[in-house]
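Take a look at the structure below.
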């Protein structure tokens, strides 16, 4: 079955919700519409069921299965909202809206480089599945790792950790340099410092890079103009504000002003 | 069952509108709701020229509410006229343009430019707490509020709603002033001024430091102000502030609002207005209210 | 770790106090908490004579907050002096008396009567929205606020805190006025004015119609006002409004409050102040803050 | 085990929570302190776990078992708070504070009359258990009935319903009149019109009656002075305001000004 319409905020049944690393959870829920509409790099809004916490928690889509109609997300517990989600279990429901956002533009090329940092790695999984050609996958973590085995199905995976607990001791960027990583397209998601470094890295090599940004959101579907980032523009200021939730979260690295 | 209400000569098919800044010009909602069902759409603030808005972060969550300091980012009236009016005109609903400016002449320029455009009502926003220029100052002084209303009236062809700030000692006084200035209706409330600190980072959560508080947390303040204003003026009132449900909407009608606007609730659930409409209809059916006007202002 | 703070020459062992009207004089809390741990107890409003208060219902729940229109029911200063001071003096904490009145001379009478009583500080309540007489009017006009402060100062032996109303256009202006009038400190905020309607019964939920809104819903407004007042005056500030957790308390300290008071949270959990104290201590430990004064007013 | 201190707001484990009549639930939870301290006519505060609903929901104690350390309440679903409670299940927890309030003064006499209306009947159960002597128990309901079998263990039960669906068709007062009910003490809990009628009934017969009142509460333990009722006083007005939660909920019928 294929659903061609984003059905808005609705209650989805949880298939499972497990811890996969210290403070990191993988949640899988049923959704015909999201699983059939989702594009890599898009996200969903999760909502708290506690009346005092109103705003959406945007979480990137990690993987979907259109046939079995499920959606997988991976999220870190960083505050009250994600903590609440982590306590949900199989059979319970969660309010979800999506898919939202402008995902990665998947371009065919010989070698694609995928770079993820921390909870920025999950959205690259569905992407890795869908890109054709050779894929060099660089995953960075503070400590430990997750999803690495899944990624290995789709490409050559290299891991870097800040504390050296796994793979290369250092950042993904130093690892990429060390490996003389080379390709025609870069797809990245992760913390701002990583994206900034990648912007430079790609710029120096003149490789097209697509970066997925984060910002605090009011609505998560383009209505409030609350989630803006600076995008280069030909005006006096040299930039304009674009919505991360609607114009992004994925932007061309050349456009982004950090 | 009759849900229609009249605001300054404009007949709305029902009293449910969308609050400025929380619905864009409706494009983001088209896939979720039937815009034809809305009594009216109050679009986001429109200035004479493009406004960039405030830096990020612009949004914070608070207990039962949210803070925003968008700072009225908008592409200016020409883009609005070219893109948003034709979009909205596809639907059978009223178009209300929220007008913003830095000086009185900015406001007048927008009103004048809209004279021959297909717009049903203007809403003068003199109450945005998120921009340093003009806006706020006009909303907190009765003299200034009366003056700007009076000036803009000279250029406005459509009836003029003035949107009031709740950040004042005596909102009834401001309402009387804009009524004296020639306003055809008032809308209230805009956001309360609030602030939130990230105690870990030791800095305000919002780049602009102070921001506008909206959402269900502020509803009791909004209901009280609508009640007070309803006792003070004779022009119609559009009530808003924290409306999440049909019963919330009815509270505002009962204290004297002729119509209501849904703000933050749109952001939390794009179908909020439809649910609210359904709930109002159910309420009327259950209570055997044939005309919504029966309950407007029934609280003494 | 040093948690002590100084308000107008009075050393509090820590910045956590109880807000007036939400802790009685502490008797109801004795079985739940160790009153000795509190920096201070701000008792319920005390008038020169017994006040009956408002009719019932006095309380309503709102989204993330509550409305109250108790109307300062209190048995008058003589009963207070006979029963409550001796009770509170059993504990090692500061006693702050919230003084209420209808006329300036009412307030002065209470201040005078307390001159030789064992009380550490007075808090002048010129901001209760629930009584028609006097109270409110003094809190919303800078001239009146300065005048009453000045008059009461003539009779007060203890340092005088003036409690400010948030229902004003410019709270910094009122704060400057009471500073000029001789206030030794200010506390803010009192409740916002709100209202709630029972749409089924078609009447206000509260008998008094309008009431004071408190609780976590109003915290962003309170934080913003403390921030603004801290920039405007030099006397110390006691911050309150919606404090539920240690981090909430720290927000107020960071924007410039020297101490804080816990109000509605006491009603929802009588152990709230103890939890807040524990959380402040944990925060200081985690962040290696040795003296609470290090973080007071660190937000620019 | 006997606990001699009200432990404040604390989380209690639910043993069961079942519907016993249309929209009426019986909840039983574990609490050593409440079960050992409770007096008939006292109540507990139940708290919502939804952050937007802050105030306590006062519910009378229906029955306690000190040995097995449980507390039973019976409540009607009338709004969002009680609806939320009705959805809780075995093994889940609920925040409770209590026991609070000034319960019935249990006085030995030949015949006691207990009069309950609707959800005012439950608190009379623990009372019926503890009063000595003959007990005439009058229970009024809008439609149907509940707890009647339980009450039968402790006295002679008569039921009245507004719609005649069970027992006498009419109010408990008309039923009492019809039966020529007679006794030395009256204990009552129920809707205001019933209590008002009883006040008169008892006054005419010069029987001491204790009435349990209701009022909206801010704290439920005496701190906010929010829950007052009018009690006769020798002042100019003829009354003063007393706290239902602390001075009551049980007052002598002679004192109450409706």
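Each chain gets a letter, A, B, C and D, in the order it is written, and its residues are counted from 1.
FYI, a residue touches a chain if its C-beta (ideal position, glycine included) is under 8 Å from a C-beta of that chain, and two chains touch if they have at least 3 such contacts.
All values derive from a computational prediction rather than experimental measurement.
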| item | value |
| --- | --- |
| Neighbouring chains shared between chain A and chain B, ordered by label | C, D |
| Centre-to-centre distance between chain D and chain C (centres being mean Cα positions), rounded to whole Å | 35 |
| Chain B and chain C: spacing of chain centres that average the CA atoms, whole Å | 34 |
| Averaged-CA centre spacing for the pair chain C and chain A, given as whole angstrom | 47 |
| Per-residue overlap in chain C, given as positions that touch at least 2 other chains | 63-65, 216 |
| Of all residues in chain A, the ones touching two or more other chains | 51-53 |
| Overall pattern in which the protein chains touch one another (line/ring/star/complete/other) | complete |
| Of chain A, residues touching chain C in the complex | 51-52 |
| Complex contact set, residues of chain C against chain A | 63-64, 216 |
| Chain D - residues contacting chain C, complex | 5-6, 8-9, 47, 51-56, 97, 215-219, 221-229, 237, 240-241, 246 |
| Partner chain D, residues of chain A touching it in the complex | 49-53 |
| Chain C residues touching chain B - in the complex, by the definition given at the top | 62-65, 67, 140, 167-170, 192-197, 199, 202-204, 209-210, 213, 216-221, 223-224, 227, 242, 244, 247, 250-251, 254-255, 283, 295, 298-299 |
